[in-house]
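What follows is a pair of complexes built around chain A, which joins chain B in one and chain C in the other.
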Partner chain A sequence: MNSSNARNVGIVIVSHSPKIAEGAADMVRQMVGNAVPLAWTGGDVDGGLGTNVAGILEAIETAWSPAGVAVLVDLGGAETNSEMAVEMLPEDRRARVVICNAPVVEGAVIAATESSGGSPLAAVKRSAEEFYA
Partner chain B sequence: MHDAHASRAGETSVPLAASAVLVNKVGLHARPSVKLTQCAKGFAAKIELALAADGPWTDAKSPVKVMRVKAPQGATLHFRVAGPDGEAALAAMLALVHDGFGEA
Partner chain C sequence: MSLDRAAREKLVRALAASVIEHADELTNLDQAIGDGDHGLNMKRGFGAVIATLPGLADKSLPEMLKTIGMTLVMKVGGASGPLVGTFFMELGNALPEQPARADLVAATDKAINAVKARGRSEAGQKTLLDVLVPVQAVLAGGGDARAIAAEAAQAADRTTPMLAIRGRASFLGERSIGHMDPGSRSASLLIGAAVNVLEFEASS
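Let's turn to the complex of A and B:
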């Protein structure tokens, strides 16, 4: 039904803590499976808590799909750095990356669930954001 | 339990309904909810579930909504399905529940 499918919307997890980002990605893989492109990033360039634009860009690249990428972030800097990363993308890709207003762990699992069914980017975002609805 | 009160029509314009008891220990929590919605999304039919035969009905293709039902072990899960592949969808839903979503 949904074996590994690089055409599904990709999911990127951005947390200040690499452990949280990796743990959330583990949950996605265990609960949803391998049907969605997935990448995570966390920590600043010195390995401390924080986020960095280069890491986020790399994660978006890793999880890239023609259907687009949904980014899940935790606090402040994760969001602003993600926005910066999106602005640095080639123009044709920029419109296909969205940052979801959703809790990072739950949002990642739900977004991936939605994506695994072949849903378009807007539906993936909407579903993740249902947590705050 | 199977097709307990399945209503059938020549075409599937009339919704099909059936129920099954949740056997897995955790009930319809996160992981089973994800499995159920993933399975539901594989069908074109409209699939809804509820804890009572008269609703309120929840869209089985929405992982957030399905988790909010918080159906515990032992609860009876009612399904209401409408669409061209409704019969297959209903069978798949019931099979998942009967199998405890592959959990113990």
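Let's turn to the complex of A and C:
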């Protein structure tokens, strides 16, 4: 690791299922320990399967890094709600959050591994997206 | 068109009732070709909107619409939250406090474009756009309340034979054919409730 943990690109995991989101986060931690800021969110506001914008905003805040945050999502609503959340961020943060077009579990682990080496946001996103391309 | 406070509250309650009373139907439609949460999600979203009354109706029409939109974005849960919420927020951004019919035509056009951008979708893909777009055309063409409500219902019906291109239903491929799109149904319910309160008169 060539940079302190909190300065590496943050990883946010968004799944309809809180169990999947938490489990994917566990897999990330197993791979990179505390080398990257990490947060997960899943479920609708009542705790059922779904995603919610407030939870995503909170996760982005938790995983915030000056290097930016890469968001991994599962199905449609997770992506739409994540895009909505990014638009609601303060303007200076908006450009430093990317949503990766990658499978949520594999993408999160690969992105976090890339981030743990101190790579910039674009490289983190690319690593997640190219793995299955 | 001038909506006083009582009319604004009536409008909010009618919108909410239209989807809450049909929540089971929306869920059944979504169980056929989606993840089965549309009725529950819309019920939760509009329940949250109702909970902001009576203060919500104290706001001007544009501010009220923006607040409704933001509440739906935050509470609905599925992709419908950002999609329907964006529609209301953009209406609120575009409408003056005392809109004329032409203002409504222009504002709905802007709001529909925002929904298209949010969902990266166009009409013809078995989504709520298949109701919003033709209904907006009737509005722009001077149709009265009855014509608008009729088009909304018919447009939702017309999604039944469509192949889903966007959303969870697209996973089903050709099996999505033969089922009405739940998002189109909820959009038609909301439009029917709105025109019933607003009582448009044909402009031509």
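Everything that follows uses one rule, which is that the second predicted complex is superposed on the first by the 129 of 133 C-alpha atoms of A that agree within 3 Å, B and C clash if a C-alpha of one lies under 4 Å from a C-alpha of the other, contacts with A are read in each partner's own complex, and residues count from 1 in each chain.
Please note the rule applied: a residue touches a chain if its C-beta (ideal position, glycine included) is under 8 Å from a C-beta of that chain, and two chains touch if they have at least 3 such contacts.
As the structure is a prediction and not an experimental result, all values here were calculated from the model.
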Task: Which superposed partner A:Phe131 touches (first chain B, second chain C, both, neither) - done: first
Open item on the list: After the superposition on A, what does A:Gly50 contact: first (chain B), second (chain C), both or neither?
Closed with: second
Open item on the list: Applying the document's definition of touch, where does A:Glu83 land relative to chain B and chain C: first, second, both, or neither?
Closed with: second
TODO: Look at A:Met31 in the shared chain and tell me whether it touches chain B only, chain C only, both, or neither; answer first, second, both or neither.
DONE: first
Open item on the list: Just to be sure I read the superposition right, which of the two partners does A:Ser116 touch: chain B = first, chain C = second, or both, or neither?
Closed with: first
Task: chain A partner contacts - residues on chain B that touch it in the complex - done: 30-31, 34, 37-39, 41-42, 61-65
Task: chain A to chain B touching residues, read off their complex - done: 1-2, 30-32, 109-110, 113-114, 116-119, 127, 130-131
TODO: Over in the complex, which chain C residues touch chain A? Could you list them?
DONE: 35, 37, 40-41, 44, 73-75, 77-83, 85-86, 118-119, 166-168
Task: Residues of chain A touching chain C in the complex - done: 16, 44-46, 48-54, 75-77, 80-81, 83-84
